[in-house]
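Here subunit A shows up in two complexes: once beside subunit B, once beside subunit C.
Our next item is the complex of A and B:
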């Protein structure tokens, strides 16, 4: 394949990766927490906190990036006549799987997108998460090959498809016009954010680009393992390379496994947390970012999944399941990580995913 | 460099239907392979079946016989 054809085929996904990477760098420079320019899991957790679904005071803020991603995807889908209201693909299972994807991600301290952004900041603790994510996806792919399916979605009235973007629009109005109704962190990651307009524009840009290119962290790896198709993976790599170069230029690159921002070095549970997120993402047909894009395109099933993730974030913080970052206390480096309750939740999550998987495999007589 | 050619692309509602198609084609000795659904076909990121155009009727008959639903068939340069 000549260079021109290669660029025509892969240019959009590469450009999307670069846009996401630049947006992440810009958001961090303008106030978002370090190595957290974008994190779908963290941002949905902040939204859950801002709405009072959990009471972890350090992680409460309506993140305009999430609103922007959904609305950007909706606008792009409408413009391309790809907005399709549909639903009905095992919504209850999607809610529960989304909940455990969130718990897995919060045990690791980041969604697959933040995992790449952490790697781009030189955070070597994220390697355990990457390996776990790969393992989880491989498990999911094995079951896809065996015929796993949550069932098809069916067309529904158009209004159903606009419901979730509508909820996002209401959140934006609350944030911009009625902030007194919301909770805001006064310290910690939730208190660190770029200006509202910048966050919203960055989210819109990522939403539009990701809708056009179908960027998906889980889908990229699934396609490699299942189809030997590397197109979506190029977006994943473009984000990593862009963030790495940007951090090197800005002097923010710190290649190390200690003292990384909002990260812990409890490697086993980083691995297992992201394995849970990876397996769940394959069952759901996409990573947390992709679920936002699909919800913006009118998928009621993806909307239910995102709601499951938001509830999962609340559960994670109300029951002390989320990971704690490594810290320095009185000059002593203290390894963070997850609590026994968090470990139990991850193990239980694997059992739940196994139950969902097994009950959605073709019956023997149907498979023959 | 492989020349692009017009291929039959079958899209599905679920990944399971794509997998079932692969198995049926393998069992019946029909050429084709699983691919990521071309962007020109849909914004979904599912899996499709790519086959030579001449197999359209054979494939459609076989899938109907085995109750495998497609979400559409397309002719795409691949």
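Our next item is the complex of A and C:
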């Protein structure tokens, strides 16, 4: 393939990666927590907190980035005539798998997108997450090859497709006009955020670009192993490289496994948490970011998945499952990580994913 | 004819991959209802040496893969 064809084929996904990377750097510079320009899991967790679904005081804020991503994807899909209201592909299983993807991500402290952003900040503890994510994806790919499917979605009345973007619009109105109804962190990650308009615009831009390019963190690795297709992986790599270069220029690059922002060095559970998130993302057909995009395109199944993730965030914080960051207490470095309950939840999550997987494999006569 | 309508990513392209592996047919018709499935199947089929023609029919697409 000559250079011109290669760029025509892959230019959009590369550009999307660069836009996501620059948006993440800008959001962090303007107030978002370090190495958390974007984090779909963390931001949905913050939304759950702002609505009072959990009471972890440090992680409560309606993140306009999430609203922007969904509405941006909706606008892009409508403009391209790709908005289609569809639903009916194992919604209850998707809800529960979404819930465990969230728990896995919060044990690690980040969704796959934040994992890449952490790597781009020089956070070597995220390498354990990357390896786990890869392992989870490989498990999912094995079952995809065996014929795993959550079944077909069917066309439904258009109102179903607009319901989730509508919920996002209501959240925006609550945030902008009735903030007194919501809970807001006064300290911790939830208190750190870029101005509303900037976060919303960044989310809209990413929503539009990711809808057009089909950016997906899980899809990037999956397609390489399943199809030898590197297109989506280029988006993954473009984010990593852009964030790395940006952090080097801004003086924020810190290549180390110690004292990384909102990260822990309990490597085994970072690995297993992201393995759970990776396998779950393959079962769902996309990473947490991709679920937001699909929900914006009218998928009721993706909407249910995101709602499952928001409930998963509430479960994670109500039952003390989420990871705690490493910290320095009285001059002593204290390794954080998840609790025994969090470890049990991850193991249970693997069993749930296994049950969902084996019950959605083709029956023997159908496979032949 | 392979009907991939309503199936999530990447199952449509996995179905095509299986069909092409099983006997390498000279031509194959695939029904899809999502632009992303059309793109993925097209990219994969071309990588396997097939030419792809896409016909739009209402909200569905018929892809014709020929060697």
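By definition in this document, the second predicted complex is superposed on the first by the 368 of 368 C-alpha atoms of A that agree within 3 Å, B and C clash if a C-alpha of one lies under 4 Å from a C-alpha of the other, contacts with A are read in each partner's own complex, and residues count from 1 in each chain.
In the analysis below, a contact is a pair of C-beta atoms (placed from the backbone, for glycine too) under 8 Å apart; a residue touches a chain by one contact, two chains touch by 3 or more.
As the structure is a prediction and not an experimental result, all values here were calculated from the model.
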{"item": "Subunit A as common anchor, with subunit B and subunit C clashing or fitting", "value": "clash"}
{"item": "Subunit B versus subunit C as contact partner of A:285, first or second or both or neither", "value": "both"}
{"item": "Partner chain in contact with A:362 - subunit B first, subunit C second, else both or neither", "value": "first"}
{"item": "First (subunit B), second (subunit C), both or neither touched by A:155", "value": "second"}
{"item": "Touching partner for A:2 - first (subunit B), second (subunit C), both, neither", "value": "first"}
{"item": "Touching partner for A:229 - first (subunit B), second (subunit C), both, neither", "value": "both"}
{"item": "Subunit A residues contacted in one complex by subunit B, in the other by subunit C", "value": "80, 82, 144-145, 149-153, 214, 216, 219, 223, 226-227, 229, 231, 285-286"}
{"item": "Parts of subunit B lying in touch with subunit A, wherever the complex brings them together", "value": "1-2, 13-17, 19-20, 34-36, 39, 42-43, 45-47, 69"}
{"item": "Partner subunit A, residues of subunit C touching it in the complex", "value": "5-11, 13-14, 17, 33-36, 39-40, 43-44, 47, 59"}
{"item": "Parts of subunit A lying in touch with subunit C, wherever the complex brings them together", "value": "9, 80, 82, 84, 86, 88-89, 144-145, 149-155, 214, 216, 219, 222-223, 226-229, 231, 284-286, 301"}
{"item": "Contacting residues of subunit A [partner subunit B, same complex]", "value": "1-2, 12, 77, 80, 82, 144-145, 147-153, 211, 213-214, 216, 219, 223, 226-227, 229, 231-232, 285-286, 290, 297, 362"}
